[in-house]
Amino acid sequence: MSVSLTDPSRATLETFENPFPSRDYMIETICPEFTSLCPKTGQPDFGTLTITYIPDRMCFELKSLKLYLQQYRNHGAFYERVTNLILDDLVAVTAPRWMRIEAAFTPRGGIRSTITVEHGRRP
Amino acid sequence: MSVSLTDPSRATLETFENPFPSRDYMIETICPEFTSLCPKTGQPDFGTLTITYIPDRMCFELKSLKLYLQQYRNHGAFYERVTNLILDDLVAVTAPRWMRIEAAFTPRGGIRSTITVEHGRRP
Amino acid sequence: MSVSLTDPSRATLETFENPFPSRDYMIETICPEFTSLCPKTGQPDFGTLTITYIPDRMCFELKSLKLYLQQYRNHGAFYERVTNLILDDLVAVTAPRWMRIEAAFTPRGGIRSTITVEHGRRP
Amino acid sequence: MSVSLTDPSRATLETFENPFPSRDYMIETICPEFTSLCPKTGQPDFGTLTITYIPDRMCFELKSLKLYLQQYRNHGAFYERVTNLILDDLVAVTAPRWMRIEAAFTPRGGIRSTITVEHGRRP
Amino acid sequence: MSVSLTDPSRATLETFENPFPSRDYMIETICPEFTSLCPKTGQPDFGTLTITYIPDRMCFELKSLKLYLQQYRNHGAFYERVTNLILDDLVAVTAPRWMRIEAAFTPRGGIRSTITVEHGRRP
Amino acid sequence: MSVSLTDPSRATLETFENPFPSRDYMIETICPEFTSLCPKTGQPDFGTLTITYIPDRMCFELKSLKLYLQQYRNHGAFYERVTNLILDDLVAVTAPRWMRIEAAFTPRGGIRSTITVEHGRRP
Amino acid sequence: MSVSLTDPSRATLETFENPFPSRDYMIETICPEFTSLCPKTGQPDFGTLTITYIPDRMCFELKSLKLYLQQYRNHGAFYERVTNLILDDLVAVTAPRWMRIEAAFTPRGGIRSTITVEHGRRP
Amino acid sequence: MSVSLTDPSRATLETFENPFPSRDYMIETICPEFTSLCPKTGQPDFGTLTITYIPDRMCFELKSLKLYLQQYRNHGAFYERVTNLILDDLVAVTAPRWMRIEAAFTPRGGIRSTITVEHGRRP
Amino acid sequence: MSVSLTDPSRATLETFENPFPSRDYMIETICPEFTSLCPKTGQPDFGTLTITYIPDRMCFELKSLKLYLQQYRNHGAFYERVTNLILDDLVAVTAPRWMRIEAAFTPRGGIRSTITVEHGRRP
Amino acid sequence: MSVSLTDPSRATLETFENPFPSRDYMIETICPEFTSLCPKTGQPDFGTLTITYIPDRMCFELKSLKLYLQQYRNHGAFYERVTNLILDDLVAVTAPRWMRIEAAFTPRGGIRSTITVEHGRRP
């Protein structure tokens, strides 16, 4: 399987204005169909991303999130790097009051890993 | 499917007097049969609302809550707006000491979202 | 169904001395077979009561609790009132350091409710 | 809620040619977001349809099935009638070797029902 | 608790015409809120009834089934007798092609029982 | 722990007349609190018995079943023998049309066993 | 069933030296096969003990714990007393930095209880 | 996403000799990480394949199966075609006594499908 | 990890006389702690064996079964061979009326397999 | 089974540089296939390790972790010692900001234990 090493572009991500910016509220989005490639072996990895945030002025649009995540399908990166990259991209386009991403990968060699990264302090 | 864009009316909501106003206690109401329409595509959305509150002087009546929520059946609004609107309406008619609404929607395009909004500070 | 509106009597409740009053400890009692009547329609309601407390000098006896709760079988009262009444009765006979009752009722019209009431502050 | 009593039209259903007609094989399609109205009370009903069939020359297309089922959203019919109607429509457009529909509705008044209808004999 | 020993009356049960008598199909109705009294001790019993049948000319109406079953609330009878009685009554008013009732009672003294009775032979 | 090796007596088992002998029907009784002793080591064994039968003229009474099974509490016997003995005793006192006992024991040394014995042929 | 009322002896409990006393760490031991007798009726009670502690200089040995708990098999005591007694005995032999016992008993008369006792303050 | 329409090659599949050809026995292989593309929209599909067979002279090797299935990652085909193709390829290389493939795809538009295809008659 | 290729010896297996040879009955033994080595890579495999049989004159003893299975701990063999070998050994020492072994292995590379082998015909 | 008493070597553990050292984030790794030997009886123990940490400059590599843990396969040590040893080794090679290991072992004699050890204070 040919592995792309160029980082996916955050330009695909679209946003819309938070309809209730006066209130702190939470949006949790669960994406159980995330897949990328291992940069060492070229083998596919599979995981479930749970993105939780308190929007400030902007929310990300769900269909554009799906297309953004599909860029990882033939992209090679380790678990830790992938999860931190996605957080950086989502923070860059929405500038949230708080955001957390939990990425739970399926077992390899009888071992499975979950990476949890956070931006800001939960109010 | 023809989509109504007029906001549902909170006039349908009936209340009764809190029988134990001297005590802080919690009421949780789970409505797994909530449905509305996507304002962009006209396609139905489905979700489970969990409404939790500490009543002050008034409680909402369950049958009138059901009828109020049924107004969203042919109404078009995005997840974030719907959840905040319902919170505003329930707060307006019951003026609770604290209230939280969690709206968990079913998957679309392999992605599902839950919106959690809160009024006041949980004692 | 003929509905009784006289409140059940707490006289049925028996107690025994707490065998370890020097220690704060917790007793949780789960009663999944609670049933009462709706005072408006006469229709039966069903629920699960979870009673949790830290006893002071007295504990309630389980068989007498069962008989006390059976008095609600043909008694008419709304969810909120029933739950607060039972807390008042159990507090009156045991004077606990802390007590909480969670009453989870089965769905009606696609909606289900849970009432949680508390006496004192959990140490 | 205004209730339509005209039967939904099977004209919305689209089909495609069975790619492997030489082999008896089974297709199971689960639709957990079915909703219609009670013709007596106008109240919404909710259910999960499980459609299983062995195609002959034609298969039904999934997006058109979704649109066909959405016609029931404001349509009034009892459980038994709805389930048999949908079977008649799907049989009319696909002429399958065998088909079964199981419709599991959510509880009303503490009681829930499942209707199972079948066309032809499972080979 | 005062125990009635007169058998409930099947007169409460209402029926409607089977809308598709030309087809053998199955109706399963689950009633998790059944309760009766033990004729020996007067103590309440609780169970879940699952009624499955292939209607011939008549179906039973669900609301009238609920009222019929509520007659057992203060009625005293053993598990085996209750289950057979209900089958006899439902068969008498609907004359089905086949019917089965499974009654699963909650534990007493660490032991729980399920009674399954059948009328006719499943086609 | 002192182990008794005398077989429990079936004299404790009480029966009552089958109220509907004209109909073949099934009674399933689940006893999750069975315990006996290992005759070799004196260590306790724990298991769940599921007794299923079609009564002929007699049914066994549940409270007497509980007392009968309690005789095994300090009795020593291997899994296979215990299960066959109980079947023999229940068949001797009820002479059923058919009976099956499934005894599922908890793990020992990382291994768990279930013994299933049957009397007669299921109609 | 003959009920012994002499309290079990803690002399059966053996200990070993904590191999890492320099570190606060937690040991949780789950015993789902606990059984004792009701001192009033002589009937067996069944429960699951969860013992959690932070050892100081000594840990209890698991096989000796099993033998210690088996002394309750023919011993009569109420739930609250049994749970507090076991805590006292385990604290006496191990002098832990913190210990908690949760004893979850199986249902009797449709009601089940869990007793939670604690020694010291969890660091 | 660029969609390949050339069918994956069965040449990747490796086999080994059935070590016990004298005995009919069953091998079930579950692959929860199958993914392909929709030929119409280019969007990814995800599913779980359960392959069950009775080998004759040859078994397929698991690592080569994984590589064979990865060829579908950027390949476009509808559910029904994909499932039948995989069966044809596995039958071609192993010539089993019997084989069945069940392909359960994740929900799209609130609807999910499972395709089951079979080769030969299960002995 | 050094891999032994000599087959484990069935001499470890002990048997006892079937106490009820006059009756066909079933014994199911579940061993969730089976482990062996992959002969190619030397990596450990893990699985759950479910052994079900109808004994004739002999039953296998559970402790000796545990010791027999532990011989596979450092033994190298593929799934299919291991499962058939164990069946051959157990059949050789007990000569049962019927026996089946189901071996469910944990996932490797996202794929998991279950092998089911049978001796004789289930009566 | 021959039991090795030499402690496994941490030299097998490989690390890589934390790609995002500027951010506190959490890595959870679950290893359900851990096995060692009891030093007293030589019998195998089985457990699930959950390793959670906040990396500082180094992360441990997953394949090397698997090989490190496999050294325990024929190694004899008690639960408490094994868990603390593994923590010491992982802390020695990664010097994390915080680390916790939870080791949940399978039941022995009807009793199961979980050991939880921690290094540093969770930020």
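As written, the chain order gives the labels A, B, C, D, E, F, G, H, I and J, with residue 1 at the start of each chain.
Please note the rule applied: a residue touches a chain if its C-beta (ideal position, glycine included) is under 8 Å from a C-beta of that chain, and two chains touch if they have at least 3 such contacts.
The structure presented is a predicted model; accordingly, all values stated were derived computationally and were not measured.
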Which neighbours does chain D have in common with chain I? H
Graph distance between chain C and chain G, where chains that touch are linked: 1
Minimal path length between chain E and chain I through chains that touch? 2
For C-G, which listed pair, F-J, A-J or E-G, repeats its interface with over half of the contact pairs the same? A-J
Report, in whole Å, the distance between the mean C-alpha point of chain F and the mean C-alpha point of chain I. 29
Once you find the CA centre of chain B and the CA centre of chain H, what distance in Å lies between them? 45
For the pair chain C and chain F, the C-alpha centroid-to-centroid distance in angstrom is 37
Distance from chain J to chain I - Cα centre to Cα centre, in angstrom: 30
Residues of chain E that touch two or more other chains sit at 32-33, 46, 106, 108-110
Those chain pairs meeting the touch criterion are A-B, A-H, A-I, A-J, B-C, B-D, B-H, C-D, C-E, C-G, D-E, D-H, E-F, E-G, F-G, F-I, F-J, G-J, H-I, I-J
Per the contact definition, I'd like the list of chain E residues that touch chain F in the complex. 78, 80-81, 83-84, 108-118
Okay, in this complex, where on chain E does chain D touch? 18-20, 23-33, 59, 62-63, 65-66
For the complex, give me every residue of chain E touching chain G. 43, 46, 106-110
Interface residues, chain A side, partner chain H - complex: 1, 32-33, 35, 44, 46, 70, 73-74, 106
